[in-house]
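Each in structure tokens, the structures are laid out below.
Note that subunit A is present in both complexes that follow, paired respectively with subunit B and with subunit C.
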Partner chain A sequence: MAVGREKPRTPDLNPCELEAPLARAEGVNFFYGVGDARFQVLFDIALDIPPGQLVVMTGPSGSGKTTLLTLIGALRSLQQGRIDVLGHDLARLDPAALVRVRRHIGFIFQMHNLFDALSAYENVKMALQLAGRHSAAEMRARGVAMLDRLGLGHRIDHKPRALSGGQRQRVAIARALANRPKLVLADEPTAALDPDSTRNVVRLFKELTVEDGTAILMVTHDHRIIELADRLVHMVDGRIVSDVILNDALRICEFLKDVDAFKALTPNELTHVAERMRRRHYMPDEVVIHEGEAGHELFLISEGEVRIERGGREVARLGAGEFFGELALLSGNPRNANVVATQPLEAYVLGEADFQDALGASVSFREQLRRVYFLRH
Partner chain B sequence: MAAGIVPQTRSVPLALRNLIANKRRLARSVAGIGFAVLLMLVQLGFERGFFDASLGIVHQLDGDIVLMNKTKYRFGSEDPFPLADLAAARTVAGVASVVPLYATWLHFFWKSPSDGKSYVVQVFAFDPAHPPFLLPAIRAESGRLEQPDTVIVDRRARSYLGMASGANETEINGRPVHIVGGFVLSPDFMSDGTVMMSAATYARLSAGTAASATALPIEFGVIRTKPGADIAGVVTALRAAVPARLRVLTKSQLIAFERAFQAKLSSAGPIFWMGALVGFIVGMLISYQVIYSDLTDQLPQYATLKGMGYRTVYLVRVVFAQAALSALAAYVPAWLLCLVVYRIIGDVALLPLRMTLAETLLSLGLTLGMCLLSAAFAIRRVVVLDPAEVF
Partner chain C sequence: MPFQVAWRVLSHQKGRTALAVGGVFVATLLIFVELGFFIAVPQGGMLTYDHMRFDLLVASNRYVFMGQSWQFPRAALAAAANVPGVAAASPVYLGDAKWQNPEGGPRIDVTAIGFDPPTRIFAVPDIDRQTPVLERADTMLVDSATRSIFGPLTTGRTVDLNGRSMTIGGEYRLGTGFLGLGVVLVDPANFFRIFARRSPQQINLGLVTLRPGADRDKVVAALRRALPPDVQVFTRAGLTRYEIAYWTTKTATGVIFGSGLIVAFIVGLMILYQTLATQIARQLPQFAMLKAIGYRNRTLDAIVLVEALLITLGAFLPGLGAALGLYFLIRRETLLPVTLTGVELSGVFAAAAAMAIGSALFSLARLRRADPADIF
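Moving on, here comes the complex of A and B:
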């Protein structure tokens, strides 16, 4: 699964990079109760959470979201299937090792569960001291910075009783994120927050995914978060019924990986291409390319089908995963055929300059395209 | 709590914070546990006072070795032996002096100058030239006892005996006596007051005639050894020399003998221990209640700590530390209050109540024990806590 590249991780989000997922579930079934009362809450769950993704999990209550979250968080023992978290096969860890794995996960619980006896900072420090690698002064600096980042700079030494519900929840978030964990598991983290705080918190989540490559798996129905999510996993009755990539660049990457012509590109080159592609939609019978026009774009079909007509006669049909329009770009000649959508079409479009950049950057890409070119002519 | 005043410690003192966070609960806990501690301390103090009181006169004996009847089961039980039995002791090497001590706890009725009623008192009688007691007042005033029918009395006896009333005349066994001086001892649980007199006066008062004291049996032979003598050796030699019916004890053995009787044979020791035990149990119930309700309130927090990656051992430590801290928080005020209580009860009951290091350490140990034990009963809740429950 992993491309064993031994380069230091750059903090930039690189959606096309194939990296070991920080958490992966495979064939996970889970049951509550025993005997006649036993009932299944998770069915054959498979889920990969790569670094840098903000994954939002939705679904009606009782659909198993929280159970899945607690399984991935090593808070519950696995019954069937396999879960790997941060490189550990959870089923093979003894209880003490499971406890250690949890220290590398940032948990944000629905209830903030702060200690009333401790100040905001001390509650955060409970997490910081667990990491055991900071001096008292460093912990103070980190804790204060994190609280400050969440807009609680003026409440650092207040006890929870002196804080509003939203402020308490933000202290709990600060506690979960203070050690900059690689994996964050959150259950309705913004339920108690006002719109301003929510925006602030969501920005912080986004920042962590982009800058630190943190993976965040979050149960939420908050649209302000879903809008910014990279991926949306929907669960119903213990099954994952959809797993959609929302981030365009990510989506295109996933798509490009399966297109032969792009397979030879390195993740960096793929990212480069993906980030420059634009999504475009066409209605059935809409003409995508007119014969005789100058060609400035390469088209990649993500959904739907097109008909290629030359001289009013259909010569070919192309479907999802296939591309067209490369000839005019390679030869500089006008378009030699009409291309018409036969059904609703979604295509990714790459402009001429970016196309030429990609060609120049990758010898293999050029060769792949030439091969296709000769096959078609 | 203002930052800057509080030093930056490496880890959060969670147990301490939990203890002092809720002032009302802290006050309740200190009051409850403190009450139990006070109960224990008072019981322990009574026990010690009881021993101290009954041992007070034994400590004041001026001798290294004491002879008494083997059948005697305690210092204050009347079980006399013939004066003639002492003769053999005088011949033993290393013995400097042998002083006969007459005593009675049953037969001398003192007419109180205060209320005119008769009370049984503790009586010691001896040769006024050789008082076998260390009390300076007795040594200073024993000369006056050479006069017939004179007595010196315990000025700290129970007040109804009138020994501190300043009266100079009263009656013993219906015969007039002159009070010519006093000393300070204290009543104990057996006697309310002590009277000392010459052997001659003793003989006259007990027989009702002027019979010779030499005809009367004695309770003790108080022996002083020569300077530098080997006391254990002298004891061995005395055992061989004196009639077999006599027991030969060093002074410290006599003290141990009396203490053992009080602790084991008399009902006093067990009564005080029962009292202390009740205090211990009450303290345990109260501290269990405090710890349990505190744990219950904070279960989600503890579960969260588990979820974050804290080991159960850490949580157990926090709970025990909190129990120990609450024990200390209650102990200190209870200890101070106990000094006041000792003072008051000591003055009222004429009991020599005092705080000793041994008693302090014992009661502190018991207090810690009861709080830690109740923590141990409550700890299960934390141990079985499932962190998945808080999601």
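Moving on, here comes the complex of A and C:
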């Protein structure tokens, strides 16, 4: 495990890359109590947390979010199902090994749990010492840098009693992040923070996901975080009821992977395309493409349906996962048909230049498009 | 790490820590004093013997301790004097007399030791010096450790012993040990004046000195052969063992100071345990957090153990100082050999360490309750 090592920078993190998830839950059931008092709090949970994702978990209280967090954090023994964390199958680890796995996870608790007797820096040092390979000076430098980053540079040697609630919470966050863990588990980390600190903390989280590829699984209802989340997992009554990708590039990736024409693209090429696509919405009966106009864009339907009209006559209907508009781009001729939304339509749009780039970059992509082209004409 | 955290936690809560240190200080001091007595009091039985010149002691088979020595025939001691290797065999007479001050007041028991001054059985210069005084009729020397209820011990004062008027001829200082509240020395002539009904043919102790170069063990064996069966022979070391065993096991002394020792230990243990348990209960979420982020149980255990050891050490040193002061006072007042020997020092230190470790172990059960799953 490479946690806490000198910042392993992977600057161009690839949202389409199928990297091994840092945490994965599969078929997880969990019960509290025994005998008649036994009740189930988690039902068949499956969740993948790949590197670089800020995953926000929401749901009413009692929906099992925290239980899931403690299971993934190796703080509770697994009952049914499988959880892999940082390459370890937790069910196979003895308690001592579980403790070692936990050292590579950054925990941010709802309660800051700082030691009254220790200064802000010393509290952070409690975590730094676990990494066990820093000199006192290095630890001090790291700890101070992290506290400074969280706006506590002037409070390093203060004890918790001399700090505000928000400052204490930020010390706790510094403690969790000081070792630059690959996986961060957080429970309402911004509950005690004022808006400025929250922005600062959220920026730091985001920075860690983008620069270090840190995966963050966070229970929060704070909209300032949800806005920046890559993914939103919603739990109700112990079940994951929705798992939505909020990050457009990620979303498009997920979508493109299932589109035949894009299947042959390498993850890099997919990322390249996905990052250049823009989401666009159309109302029912709105005309997406006018016959005879010059064509500059390729459309990919993510939701809804369109009908293709040539000479006032419907010739085809296309649905989610299908694309249109490639002909004019490939041939350079004007649009040869009207395309009209039949329902509220959400489409991903790729501009001409980016389209040509993608074509140039991938032989397979070109061939796929040609195949479709010949099928349609 | 455990040391730093333990130190900071203790120095953060100065009040609580001071309270704990104070409590353990008292417990440690108690252990010192009880142990001091436990060891010294039985030696009180040897107090007088320690200042007497002899190599072997001949006593009745019924001998219990110096104050309850029973009697045996003087002839037996005379026989002892003829055993090869024996240089001298001197009789000692012991008796309890009633002391009555001329001004009235209660009759108080006083122990009288009768001996022949030329035998010089006491290695006490003050006694040697006053031999002529002892030889005066109706005159006695008084141990200056004799309690004040006997009245002033002024030389020349006359008091009543068993109805006979006796003059205090002088003082010496030896300590009364377990012989009672007061001790007087007299020569045999005066002794039998006080104890008119006693026969000079019955003696209490026989002090045997050996010729230079004589083999002690052989002499002991020869004495045992030569002496009648109702008489026994002690070496100094054997006598010491006999007296200490008697005071430790056959009297309440061992029980009193031994149980005091145990109670003091338990008090210290409880104070420490209480302190640690409160400490752990207050910081349970912090300890749970440490477990959650990857600290092993043994690290947390170490924090608690170091806290216990620091408190104990903080209490032990002042406890030692106070004990030395108390020992000095006790020695001065009772003449008991209450001293700090290496054995005692290491004994009390071991007890203190056991207190620290024991209390830490007891409180670990509470530490185990810190469940990292509870803190989210």
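Simple rule for what comes next: the second predicted complex is superposed on the first by the 367 of 377 C-alpha atoms of A that agree within 3 Å, B and C clash if a C-alpha of one lies under 4 Å from a C-alpha of the other, contacts with A are read in each partner's own complex, and residues count from 1 in each chain.
The rule is simple: a contact is a pair of C-beta atoms (placed from the backbone, for glycine too) under 8 Å apart; a residue touches a chain by one contact, two chains touch by 3 or more.
Keep in mind that this is a model prediction, so the values were computed, not measured.
A.B. asks: Taking subunit A as the common reference for superposition, should the pair subunit B and subunit C be classed as clashing or as fitting?
C.D. replies: In the superposition, subunit B runs into subunit C.
A.B. asks: Considering only the touch criterion stated at the top, classify A:A127 as touching first (subunit B), second (subunit C), both, or neither.
C.D. replies: A:A127 contacts both subunit B and subunit C.
A.B. asks: Tell me which of subunit B and subunit C touches more residues of subunit A.
C.D. replies: After superposition, B is the partner touching more of subunit A.
A.B. asks: Determine, under the contact definition given at the top, whether A:R251 touches first (subunit B), second (subunit C), both, or neither.
C.D. replies: neither
A.B. asks: By the touch definition at the top of the document, which applies to A:R168: first (subunit B), second (subunit C), both, or neither?
C.D. replies: It touches nothing on subunit B or subunit C.
A.B. asks: Quick one: is A:D157 in contact with subunit B, with subunit C, with both, or with neither? Answer first, second, both or neither.
C.D. replies: So A:D157 only meets subunit B here.
A.B. asks: Looking at the overlay, what does A:A137 touch: subunit B (first), subunit C (second), both, or neither?
C.D. replies: First partner only, subunit B.
A.B. asks: Residues of subunit A that sit at the subunit B interface in one complex and at the subunit C interface in the other, please.
C.D. replies: In subunit A, residues 66, 69-70, 73, 75-76, 96, 99-100, 102-104, 107, 109-111, 113-118, 122, 126-127, 129-130, 159, 175, 187 are touched by subunit B and also by subunit C.
A.B. asks: Considering only the defined contacts, which subunit A positions touch subunit B in the complex?
C.D. replies: 66, 69-70, 73, 75-76, 96, 99-105, 107, 109-111, 113-119, 121-122, 125-127, 129-130, 135-137, 140, 156-157, 159, 175, 187
A.B. asks: So in the complex, the part of subunit C that touches subunit A is made up of which residues?
C.D. replies: My answer: residues 1, 4-5, 8-9, 11-13, 283, 285-286, 288-296, 372-373, 375-376.
A.B. asks: Spell out the residues on subunit B that touch subunit A in their complex, using ranges where they run on.
C.D. replies: Residue positions touching the partner: 1-3, 8-12, 14, 17-18, 20-22, 298, 300-301, 303-311, 387-388, 390-391.
A.B. asks: Going by the contact rule at the top, pick out the subunit A residues touching subunit C in the complex.
C.D. replies: So the residues of subunit A in touch with subunit C come to 66, 69-70, 73, 75-76, 96, 99-100, 102-104, 107, 109-111, 113-118, 122, 126-127, 129-130, 159, 175-176, 187.
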